[in-house]
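After this come two complexes, each holding subunit A, first together with subunit B and then together with subunit C.
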Partner chain A sequence: MSQTINMNINGQQIGPVEVSDHTMMIEFLHEKLNLTGTKFGCGAGVCHACVVLVDNEDGTTSVERSCISGAGYFDGKKVRTVEGHAKTNEQGEVSELSPVQQAFLEHYSFQCGWCTSGFVNTATALVEKLAKNPINKDQVEKTVEDALQDNICRCTGYVKYYQAVKELILKTPGLTV
Partner chain B sequence: MVDQVGNSEELPRRKFIKQCVVAGVTLYTAPLVLSLNEAVAQASNSSQVLGYKAPKFRLDGIAKVTGQKVYGRDFRAQDMAGWPKEQAYGFVIRATKVDHTFSHVDLTDIPENAQPFKVILAEDLVKQKLELPPFFGNDMLVAKNAAPQYYGHAVAILLFENFDQFKEAKLKLQFNDNVVRYGKSTKPFTSNPYAAWRIVREEGKQGASGKDKYSPLQDGLFFPSYQRRMPVWKGDPNQAGSVSERGLYYGNEVQQKMQKNADDWLIIDEQYTSQSVDPMMMEPEAFNGFWEEATKTLHVVATSQSPHDYQEQVAEILAHSKMGHSIKNIVVHSAYVGGAFGAKDHSIFPYYGTIAALFSEGRPLYLANDRFEQFQAGLKRHPFIMDNKLAFDKKTGQLQGLHSKMNLDGGGRSNFSSAIAMVGASAIQGIYYLPRNDIQATAHQSNNVDCGSMRGFGTLQTMSSMEMMLNEAAQKLDMDPIELREKNIMKTGFRNTQGAIPNGELRYGEILEKAKQHTMWTQRAARKQEFEKNNPHMLFGTGFGIATKDYGTGAAAPSSAVRISPEGKIELDIVFMEMGTGTQTSQAVSVGKFLGSTAHQVNLAKMDSWAALKQFQTDNPYITSQARQDEMAQNPQWTPVVAMASSASMSSYFQTHTSHGAARVLYRYGLWPAAQHIWSGSTEKVANKRISFKDIELAKWKDEMLTMPGKPSLPLAQLAAKAHELGLVTGVMTHAFNRWSWADAQFSILGNKETLELDGLALQYGNGADKRRKNLMKSHGYHLINRQKMNYPATAMNNAMVTYYAPCATLVDVAVNKGNGKVAVVKTHSWLDCGTPLVSKLVEGQIEGGVAMGIGHALFEELPLGEEGPGTGQWNLNRYDLAKGKDVGVWQHTHTLLEPLNENTPSKGIGEVVMIPVVPAIAEAVYQATNVRFRSLPITAKKVKEALQS
Partner chain C sequence: MKNIKTLFVWLAFLLLAAQFSQAQTASQEQIEKGKYLAVAGDCIACHTAPEGMPFAGGLPMHTPFGVLYSTNITPDKNTGIGKYSYELFRQTMHEGKGSAGHLYPAMPYTSYTLLTEEDTQALYAYFMSLPAVMQVNRDNEIAFPFNLRFGLGFWKALFAEDTSFEKDPDKSVNWNRGNYLVNALGHCGECHTPRNFTMELDLTRPMQGNVIAGFEASDITPGRLIAQGWTKPELASLFKNGYSDKGTVFGEMSMVVYHSLSRLNESDMNAVTSYLLDSDKPVEAKPIIARTPDKKAAGHNTYVNMCSGCHGLEGQGKPKIAPAMQSNATINRPSLYNSVAVLLRGIPSQKYNATTAFYAMDSFEELSNQEMADLINYMRKAWTDESPNVTADQVSRIRDELEGDGLIGVGSGHAEF
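Let's look at the complex of A and B:
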């Protein structure tokens, strides 16, 4: 069985396009759209390397695992992948990173980088959530831990990812009270 | 047969870089990530380190954090210039039984519209005479009516025209017991062990540093025969006999002395076991290949730590196949590796991809493991069973001897099992001096998934057992565990279990002293009391471990090339691949010591330009004789090893050696004479005068300027321009060989004779060089310098096994839940001697990542063996636990890097040692919390709960 879907990915309208019911979102991104920044880790929804962001109509953002979610689930949705965070110039070159990307870069947060797109998306969702619902400074560590707890990294031991997000939250006006 | 070198059918595309010719096939490389070097310019806006700029972030950082295509798995046919755009897909069918013969594959469950266009079976490989490289053994695919040799042994490769067909079929094939059809029942395949080693040593009258009574380095190694799949060390023990007879004599002595001194010695006599572990690198293995009929070229994108080894092996197997006549070129497109930990070092996976591509009828073929497949067929860490006896003098606490029998399961293919048994055995001594030892290690064949060179290379398993014994002995001797260690450390100049003297200054005592004074240690009793008072459902414990990991292979052969443009832009070529450890960044930094600036472009996994050195190898460097080496070394192009694989702990010391070597020559014979020329006010257009190095020590780099007391500071760009104008050295290519010391030779450079720790050197001269000099650059654009007085390390050093070490210690606090037995790491502090760190943030990242992986090994990770194991294709992260952020004490994770002893202290390989000490430290901390000793890893919540309940 197949279905026809439309969606917005990183501000670009995609579709209508026909996909099999069995096509997972990550496969749709990789094999149909040639967007390979979203990484395949386990294919079982455990490692969160593959997460993408869905901006919901109510103004909230969901973190979705693209390896276990069919492409059809994203029909009509507004999706952000790791390729959509940084600003680019007319030549398509990166001109400005997002604050989360910049923080990971400056903290040497990642090594092999395979898990990085997942961390970027999860941390971005957290930062955006805090912009709407700031927290107390003494809650930051626990909040970071809870938000990133499902993202698996095999190289770094998590320390520099967590420190980068913590520091970003503390230094960004409006995220804490 | 394929044509020989220089045939007229070379690949016309100039963008590919010719590497060399193997078995008549021309090999090319084509970096996929070259353009990323632009990131260097952005990354160099940063603080001063040692007088030159260090990158503010990783050179690969922007590409990775923005999701650009930089990994092998990312690339599809449409991304590859010159390939057809339509991508075909492959799927490997694997046997899940070893007690029946293979009959056939049943594809009737696949819908008609999704059937493969090609099914590759063993008989197809036989027809084409396609065989695995000898390193991997035989039977790439199981033949009909033959028994699979191990769980997950491949039986067929299916090729599909497009993704939709592939996906449709895969849904029907994977986890389907009806696909592989079996014949009659049979006994599982068995063979003799892959290898057995025995390391016997007895110190002589002069003690730890004197001549040994017997040791492998002094006397040589001896080997067993096999009976019933076990080693038999035959012969009559004889103190005055042959190598083996004397070895047996002194080996027996170890046990006899333990028995004789039973009253005075404490013997820790226990079995320690370490589990099967998956490397779980985040990027599963993938391959994309295109067989281009028109140019007789195989194009490949692979995820490999050793791309040039793969390329050469493929050239060999194709040349010897019936397809050999139609293969002229192999192009390997190199990319970043998304984690490896040994999983992509000499993996068999790319060869399946290669075969699939060759049968793909001109379609680009993508073969990519999902995680179930990666667990099913990817290399594993060897499980060890170690029966150890470690003797201490009860009065003094002094170590008296070690007897160890270790058996490791290598799985269905030998891969690096022999080397891992040897390295694991030679590492068990850890940081301690042993006056006598008899260590036996046997690597066994089994029907399990094959094991390879996973992080630690056998030492994690063996050294952890040693540390666990030390901790237990301290308790039994009623001594402080760190003080017991201090009594027994191997001091500089002492001999190791092989009889070799480790290189460099051993700083074990310094680390132990620091650990002993740390509040985690000094206040451990009070903190335990307080924690358990505040958390009545928890138990608390603190543990310590220390390890010293060898690095190096005993046949390391790095190459580097450094070139500087007239504008002062530095370009560096290295052989290493970027696996995530930061090699690209750290190598860029390494040349700054001599050139005053980080390299502006670093080209990874380079194989092409080394052809300028015209080097060749002839023998296995580990078993070649001294006479053969002496004979071959007369040829100035001969080297024991041409190229080496990228693996953990190897780049910082070995790759840096040739990068430093090249940068140093460029400085001394390019930039330095240019500076002298400018400072002297000379107006000569050429610089043929002999170069004076009289004041060179006074010159220092600062802010990319060369400074000299009383002289104007000179910018790098000005020096580069002058070096080019005068025709001085502006490009240097180096090759070196290390067998626990560096080979050295004399080279003549611009009329100066200099002995360098290199065995290959080639130079480029600046744009302004006269005709004579330019004519010298005939070897791929370089002037090949013929070496003189070549001095290779003696072949006897092969018996030393290892002599380079980097130590690391870790203190850990754990909290144990009394109810469910779960162990939580609360806090860690590590000490590391990394020599001179090239980029401290990268070293910190290695420590943090190593500790996390060590925690996983100690507490969570475990694969069962046999039919419940991963070879049946049922394993994934839903069943395989590893350390997550909440498991590593992420906010209380600290470390100390020992200050380098001096400015010439080299960088050490530390990628492996950092994960080891936390493992025994956790075992000890759990003991301190629960009063139960766990000698079998991992220490799961289930085990702890059962122990607490009993």
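Let's look at the complex of A and C:
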């Protein structure tokens, strides 16, 4: 059996396209759309390397694990992957990284990079949420820890990821009060 | 003459010393026995607060009448049971009357009353041998009039009896031991037997299942367990490890497995499973129910999109990650409650032993009542003996109940920004 699905990925309308029952979202991104920035980690929904963002109609953003969710789950939804954050020029080349991506580079947050797309997505969702609902400066550390706690990294031990996000939140006007 | 006197004194001393050391060893044995019995009775689960000192009490227990806090049962003279004589300890265990007066039946004295005298003594010896922890008991938050302990006296006069355990002469020693472990020490019925409106255990329906704290303590009558295909080794696997071919334990039961059942010795485990299945002989295994799911059914796409990533397209599960849905005892039962409760509440990740942990299950509260009914019917039809007759109304009632208790989504690992 199969399903016919449509979705919006990084602002681009995809579909209608037929996917078979056993097609998980990550496979759909890799094999059908050539979006290979999303990484397959544990395959069991634990490491969060594979997370993508779903922009809900009520204005919230969900972090969804693409390795354990069928492509059909995203039917009709607005999805963002790691490829969707940076600005690109007319030739389609990256002209400017997103603030989160830039912060991770500046802090040497990652080594092997396998978990990075997941961290970029989760941190982006957090920063966007704070732009709508700023927090006190003394809550930043705990907020960052709570938001990123599901993302697993096996190289740098989290410190540089957390520092990068914390610093970005503190220096960006409007995220804290 | 003087020498003979000295000799007598020495002899008397040696005799006394011998007697004294004999008493010591007997009591050491008794303490060890009491320690094992306390495990089988799962005392620690209630009498220890999260991250608290063992047996020092303080665990909140939410009841329809308010919050009760378990008490300090270490032998501290002022805050624990250090001043309890054996008589008072016995009275507490068997009659529910301690130094503070009548106990709320959260303390399962209606089960412990079946304990033998010998075992009660061993438990007393063990608790008195524990390191004393000074921790003052928290006051219960119970509303009037239930806060008046003398009222419990009436309740007890009506519903609690000091009875003793009677062996069934027609059954084997093994079965009788299982009966004692399940009904006296294990106090399984305190959750698994339904209660009537006075909170009394409804002994006309023993072990037939009961909703408690948002999950259903399963129907564990022999008939139901055998209908679900449980065998002794499978039950033992569930009790030893927390997981089996019929699914995993979750909710409060995972603590029972961790603190108590997994630590039973082999002969007691055999006794418990023999009693639960009401058979000293091995029980015949049933084949796992693995029909090909109906791909045109309403629940198919929901299952494929939201469940199959972990539980498998054929409901086969992923070893040590997510349990199989095929013959899963949570779905393969007439009661719908836990199927819905698990979908709405999710299950936190559960670590069963050093090498085995099952992953967290999200809450899927975003599914509508109809979608959930369709999904459960889809799974029932493919992987159970139950008929796929679940309706959205039934799901809705359970959802309302859980929502009222603030339990939806609590166990989830789902992130939203």
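Just so it is clear, the second predicted complex is superposed on the first by the 177 of 177 C-alpha atoms of A that agree within 3 Å, B and C clash if a C-alpha of one lies under 4 Å from a C-alpha of the other, contacts with A are read in each partner's own complex, and residues count from 1 in each chain.
One rule holds in what follows: contacts are C-beta pairs under 8 Å (C-beta built on N, C-alpha and C of every residue); 3 or more make two chains touch, one makes a residue touch a chain.
Remember, it's a predicted structure, so these values are computed and weren't measured experimentally.
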Handout entry: Touch count on subunit A, higher of subunit B and subunit C
Key = B
Practice task
In the overlay, answer first, second, both or neither for which of subunit B and subunit C A:82 touches.
Solution key: first
Handout entry: Partner chain in contact with A:62 - subunit B first, subunit C second, else both or neither
Key = second
Practice task
Please indicate which partner A:22 is in contact with in the superposed arrangement: first for subunit B, second for subunit C, both, or neither.
Solution key: both
Practice task
Kindly classify A:44 by the partners it touches after superposition: subunit B alone (first), subunit C alone (second), both, or neither?
Solution key: both
Practice task
Could you say whether A:156 touches subunit B, subunit C, both of them, or neither, answering first, second, both or neither?
Solution key: first
Problem - Touched partner set for A:34, first subunit B, second subunit C, both or neither - result: first
Practice task
Kindly classify A:70 by the partners it touches after superposition: subunit B alone (first), subunit C alone (second), both, or neither?
Solution key: second
Practice task
Would you check which partner chain A:3 touches, where first means subunit B only, second means subunit C only, and both and neither mean what they say?
Solution key: second
Practice task
Share the list of subunit A residues that count as touching for subunit B in one structure and for subunit C in the other.
Solution key: 22, 44, 46, 150
Problem - Touching residues on subunit C, where the partner in the complex is subunit A - result: 295-296, 300-301, 304-306, 308-310, 313, 318, 321-322, 359, 413-417
Practice task
Using the touch rule from the top, collect the residues of subunit B that touch subunit A in their complex.
Solution key: 56-58, 60-62, 64-71, 73-74, 76, 78-79, 87, 163-164, 167-168, 171, 280-284, 336-341, 370-372, 579-582, 841-842, 844-845, 847-853, 876-878, 882-886, 888, 890-891, 893
Practice task
Provide the residue numbers of subunit A that touch subunit C in the complex, in ascending order.
Solution key: 1, 3, 21-22, 24, 44-46, 60-63, 67-73, 75, 122, 125-126, 128-129, 147, 150
Handout entry: Complex contact set, residues of subunit A against subunit B
Key = 20, 22-23, 27, 30-31, 34-44, 46-47, 49, 81-83, 85-86, 94, 97, 101, 104-106, 108, 110-117, 120, 141, 145, 148-162
